[in-house]
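Residue numbering begins at 1 within each chain, and the chains themselves are lettered A, B, C and D in the order written.
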């Protein structure tokens, strides 16, 4: 019983920190220098405990609180442990960053922020630990509310308020769907423990309904299309560390729930379940990445990229479900491992990127890509660390982003002939789509890094930008190191996810991988496919070094620094020269043209006679215009009709009562 | 303490009646509010003593079987006394400010305080009486007292509200009387005439022998009658007006207590009807009313601009939900319904405290005139925010607990109903939270007031609701269970 | 790894580094002949490299370290690519480090580095070049991946060496999916190596240039490295194509001596390939930049159709 | 003899029904009050008859109460109010009178066949009258609906009370004493409050037309 006690202790510790920070509401120094570092330490502890727990048998615990007759059941098994690792890692780095970040209070007192922040962490931990529907829902909603309060930290801005509202509303509707899902799963037994939900045998229709509700509910939290609309609003609104946590960790709790319900409680289902997830995942991935390439606001760009990555993860899960339905254990394990590895990968690089935007925001007060640039010179630390994240986000070797991509493509490729010819047609297409998505992600990342950190500063004030403080650097460093090291030792990742896949689909890659030693990742035999990041890195390094030596050896000329030739524009002031660079819109323009159908674009073009001509292009989400606004209008229309019930005349009210009585009497007589 | 529970029972009713009489003379004095608080506190003490007695000694039946405490009304008595006390606490500074603003005068203060005490008394009578006729009388009396309280400002709007309240509830109650009459008629054949034929305990003992046809008719009249006071759609029309136009303390007790008492009356009758009838008509009709109320109220919420009015509709919604739960029946749903009664009255009264104070500061109940409560007064802002989240069914507050139980058990028993309810809940969430957020967040526009508000009750209530969300005390859970069994698990 | 393996590996790298410019020269010569111009000498690329190494290299004031590192990084990536692709032997120690997918990743890495470096200076051209290059990249990469998948669906493997061996061993037969894949691969490699009809390395017209816009700010040794890397890239692509679609004459682990014959065979195949490339470049015209997406989308679709055909006909 | 007396109860019942119809058809407020008084008298007589037949002291008391309240106090109060406010005529009701009468007849039929099976089960001597009582209740209910002024509405309310009272007496030989007392008290207080209200409404809206009381509404047509 040791692990779960430790984990509970850590969650309790976070709650304690929350309570303490309420006492020092406005003492920014204490909150920053003591409470957040302590939280980081707890996060590290959680990471360690969870790693150990992942390889040990499941443990259960009961709290004294809860419903009468239904105390809160907790359980840590391989699946929970894996996601605890994600939480621990994310919390550790982000808290370190926070220690340096919350210097000034953004609308809310720092103590209050830290309170909400640590409650958020504890809630996420307990969501993963929950072992009965009630506990799960309570923690799930606590998580939602605390994150909502964090998002609305700066509630004086109307945009922030609206973003928070949209977020909480969709989260709540998702939670309602989950409520119905659990209502079906418990099947009138009145026993909400997961163990009982597993034992209950539903007829196929009901279990499919439950599956649908689970996908809806968790999809709303994960940001699956078409429930993604809150994500690009909420992430930019929140303080950057919070965006980092939400995007890197909170979205993953939805993935956890999906796995828990679909694969653990329902134990898989017909093959088309997998197809549903596959379709949703691909749609989200494609839409997310396409939108992220055309964004002009750095945190929106990252938010959309989160949608994309969640989409990829869900695609992997869908594939795993399909294989599982046909009893192809090895392939299911491969696909699931890909998804899980990507969970971890995304947690690391997305935190890194969001924290990077936080540092930039603090240094420049600017979130609009059109006003940034050239920061690599003024804030080298942030720039170079974020570069690692960007490369990982682009799915490039030898970073961790590539490993999951590689595994995912492998699981598509090594598809032996499925018993369903339709699927056999489909799988290659899906693989193609995934490849396209990953390539586009590279485009988005180059845009993100290039426009922010490279080129010439587009505003004078950027020249005074200061580099991140030591705490912030520490946080960034944590994630950057993770991004690189996890990428270099994928075999360890496989070891980590192996227990989970065994638990869920009854098979794992560890044996096959161990057979080839820790240098080489060959999940299905070395002759089928292999990837050795370390050798790879050494190879590239050596070759680069070789190139350097050759150049040095053969070079006879001299090296000179000079101003760039800008087609004679050198006479212009620096600011206008900087204007010559590709703007964010410009960089996204080709994608906008190719994927015109995705967007609802409204342009504001200058007339020939304009004195101060300006060009603005507004890109909106067709789903928002086509699905959400009509719903709102419909509700309002119904409300208007209903309003006529209360039209003020007492005689009418008496008539209602009279008729009600008569109708009831008639019913009785009948 | 080992006081005789029967004596306590008598005291419980005597104290507020006496208080009402005393305040009829002292109500206008400067110490009037204090005395009001004192009497409410005394009532609370008696109720607490009684509760402990019942916890230890079990149900009580006394005063010639006319009054009794059983699991079904024990917690309601405690709840009523508690909310009565906290509301008195809140109304102390609130009414002072109203008086300084000239909305209240000396006579009106007197009226307000004495009627307040009598109102509490009548509700306690209605809760503790064993005689269904007396139950009816008490309900009617409670209506009369509150009518005067609603119209206390004498503004056109408040008069209109009070008039509608009186006429609609009067008519409704009249129907309930007819139902009671039929009940008596049915009992008459089994137990013979006399007062015994209206004692609930006696009726419950012989409920199986009661003539089903008469009971069916009686239940319809009782449901429509008391349902009017519960505020079930389409009998609800008086409710938003009365809540919005009366003084805030009254809105709080109306929503928090009176509706509960009316629902309690329906429950008592349902027990008998269920006993006599086999076709489950009571349950089905309650389910129907419940769903209708929830859905209609949810859409009404979308249209509100007056803060108190909005939360009045939310009360309709929640009463509908409880009615649905009790109609559903079964141990889980009944348990949940009773729990929901408790948490709803605590939360809703807390919300009315917060909203009332906010409106008082803003000098308007229109939500567009209220901004930035968090900035204006953190306790006020957080009180309203947390209260609204709680009433909207967000954990870890207790409202979520009951909704969780109700909806999950409905999901398989009435698969068609649960989605409808959940849709309505979603609409309600969207509607209410949009408004609350705009009130709570942003920069404040509220001037300060002379007397510091008594917002402690808000946090006491929310604290209790939070506790009930995470931990239900064993004895309370025990009551709920027995009561659930009583109602027909 | 075996001795022969190590030898083969070193041989390949040396061959690539030395031979890549030669291939470039050969293609230019053929093209000039086909367009009946006076052809530059075969060693022209070497001369260019020597010239550049002797010139001074000018680095912009605003350039960061990224700018100066990029050429070497690209050179490194391309060298490794050449080392991975089985040209003379399939028994390569390094080949296990990266399979087909990782190879595509390697190319993407190189492209990204260069694009970032181009944006580093902050001129209009750099950004434009980076944008265009990434545009081509995000369309070409999936297509390339798909072509490789076509083959690996046949060979049930993504490790290059294994793919080549299997292709080599299987009895000669017509494989329609391979035909599609081959065409797609050709299109992609034209785009990737900035050849006509996508790009024309010989011009610096800002409306059309892609690769040249990227490297516009480079000079001296940095430019030399980039030129060399470009030729290496072309060499690698040609070798992949030849190895996958015409895999004959490549030594295997059990026949190390075949290496001796493998080298001339490779040279022969490359020569033919070069002629083909020159032919394509001669008969086709450079297309507008906005047409390029359609062009590459065609390649992508061809590759996907190849996959589907394979599935339909059943391997 | 006894049979004759028993039948007399049915006679009173019939009178009550007729009075109710008369109330529906009556426009003059003053005569409404008169009708109400008549109703009260009938009620007293009926109660006394039942009391005499069943030898129940309670019923005598309730008869006395009725006499005091519904024959003397309330009608007087209403008269004073009417004089003070000099409202003589009701405005045109919301539903024209013949129509109302038709609906009323339907209601009577409905309530009769509703009460039929039950009154079979009643042990009371006047079981047959339950249907009539119900009919009276529903008729007064309808009157409240169609009348557009405060006073007629109140009178309708009181008539409803009478119907209930008659039902209690006829069907169950009267409710237990304590309940009867409570009801009487409530009615008294209710009437007092209502009269207070009417004065307040009068001074606020200087009219008793309750169609002024339509400002609180949610159909978006309000000017608040």
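We take it that a residue touches a chain if its C-beta (ideal position, glycine included) is under 8 Å from a C-beta of that chain, and two chains touch if they have at least 3 such contacts.
None of the values given here were measured: they were computed from a predicted structure.
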- Task: Could you tell me the least number of steps, going only between chains that touch, from chain A to chain D?
- Result: 1
- Message: For this structure, I'd like the pair of chains sharing the most C-beta contacts.
- Response: A-C
- Report the chain whose mean Cα position is at the greatest distance from that of chain D. C
- Can you give the whole-Å distance between the Cα centres of chain B and chain C? 79
- Determine the centre-to-centre distance between chain B and chain D, using the mean Cα coordinates as centres, and give it in whole Å. 30
- Note on the structure: Separation of the C-alpha centres, chain A versus chain C, in whole Å, is 36
- Query: How many angstrom lie between the CA centroids of chain A and chain B, rounded to a whole number?
  - Reply: 44
- Task: Among the residues of chain B, pick out those that touch two or more other chains and give their numbers.
- Result: 163-164, 167, 171, 217, 240, 300, 303
- Item | For chain C, residues contacting two or more additional chains | none
- Each of the following residues of chain A touches two or more other chains, namely 640, 643, 645-646, 650, 654, 665
- Item | Set of all touching chain pairs, with the criterion as stated earlier | A-B, A-C, A-D, B-D
- Task: Mind listing the chain D positions that touch chain A in their complex?
- Result: 94, 110, 113-114, 138, 141-142, 144-148, 153, 210-211, 213-222
- Can you list the residues on chain A that touch chain C in the complex? 373-374, 376-377, 387, 391, 394-397, 402, 405-406, 409-410, 413-414, 417, 424-425, 428-429, 431-432, 435-436, 438-440, 442-443, 445-446, 449-451, 454-456, 520, 522, 526-533, 535-536, 539-548, 551, 554-567, 577-578, 580-582, 586-587, 589-591, 593-594
- Message: Quick check on the complex: what are the chain B residues that touch chain A?
- Response: 163-164, 167-168, 171-172, 175, 216-217, 220-221, 223-224, 228, 233-235, 237-238, 240, 281, 285, 296, 299-300, 302-303, 331-332, 374, 389, 392, 394-396, 400-401, 403-405, 407-413, 418-419, 422, 425-427, 429-430, 433-434, 437-438, 441-443, 469-472, 474, 477, 480-481
- Note on the structure: Listed in rising order, the residues of chain C that touch chain A in the complex are 50, 53-64, 66, 71-73, 75-77, 79-80, 83, 94, 96-99, 101-102, 105-106, 108-109, 112, 115-116, 119-124, 126-128, 130-132, 134-135, 137-139, 141-142, 145-146, 149, 152-153, 156-159, 162, 217, 220-221, 224-225, 229, 290, 293, 300, 303-304, 307-308, 311-312, 314
- chain B contact footprint on chain D (complex, rising order): 114, 117-118, 121-123, 134, 137, 141, 144, 150, 153, 157, 160-161, 164, 167-168, 171-173, 175-179, 182-183, 185-186, 189-190, 193-194, 197, 200-201, 204-205, 210, 213-216, 218, 220, 224
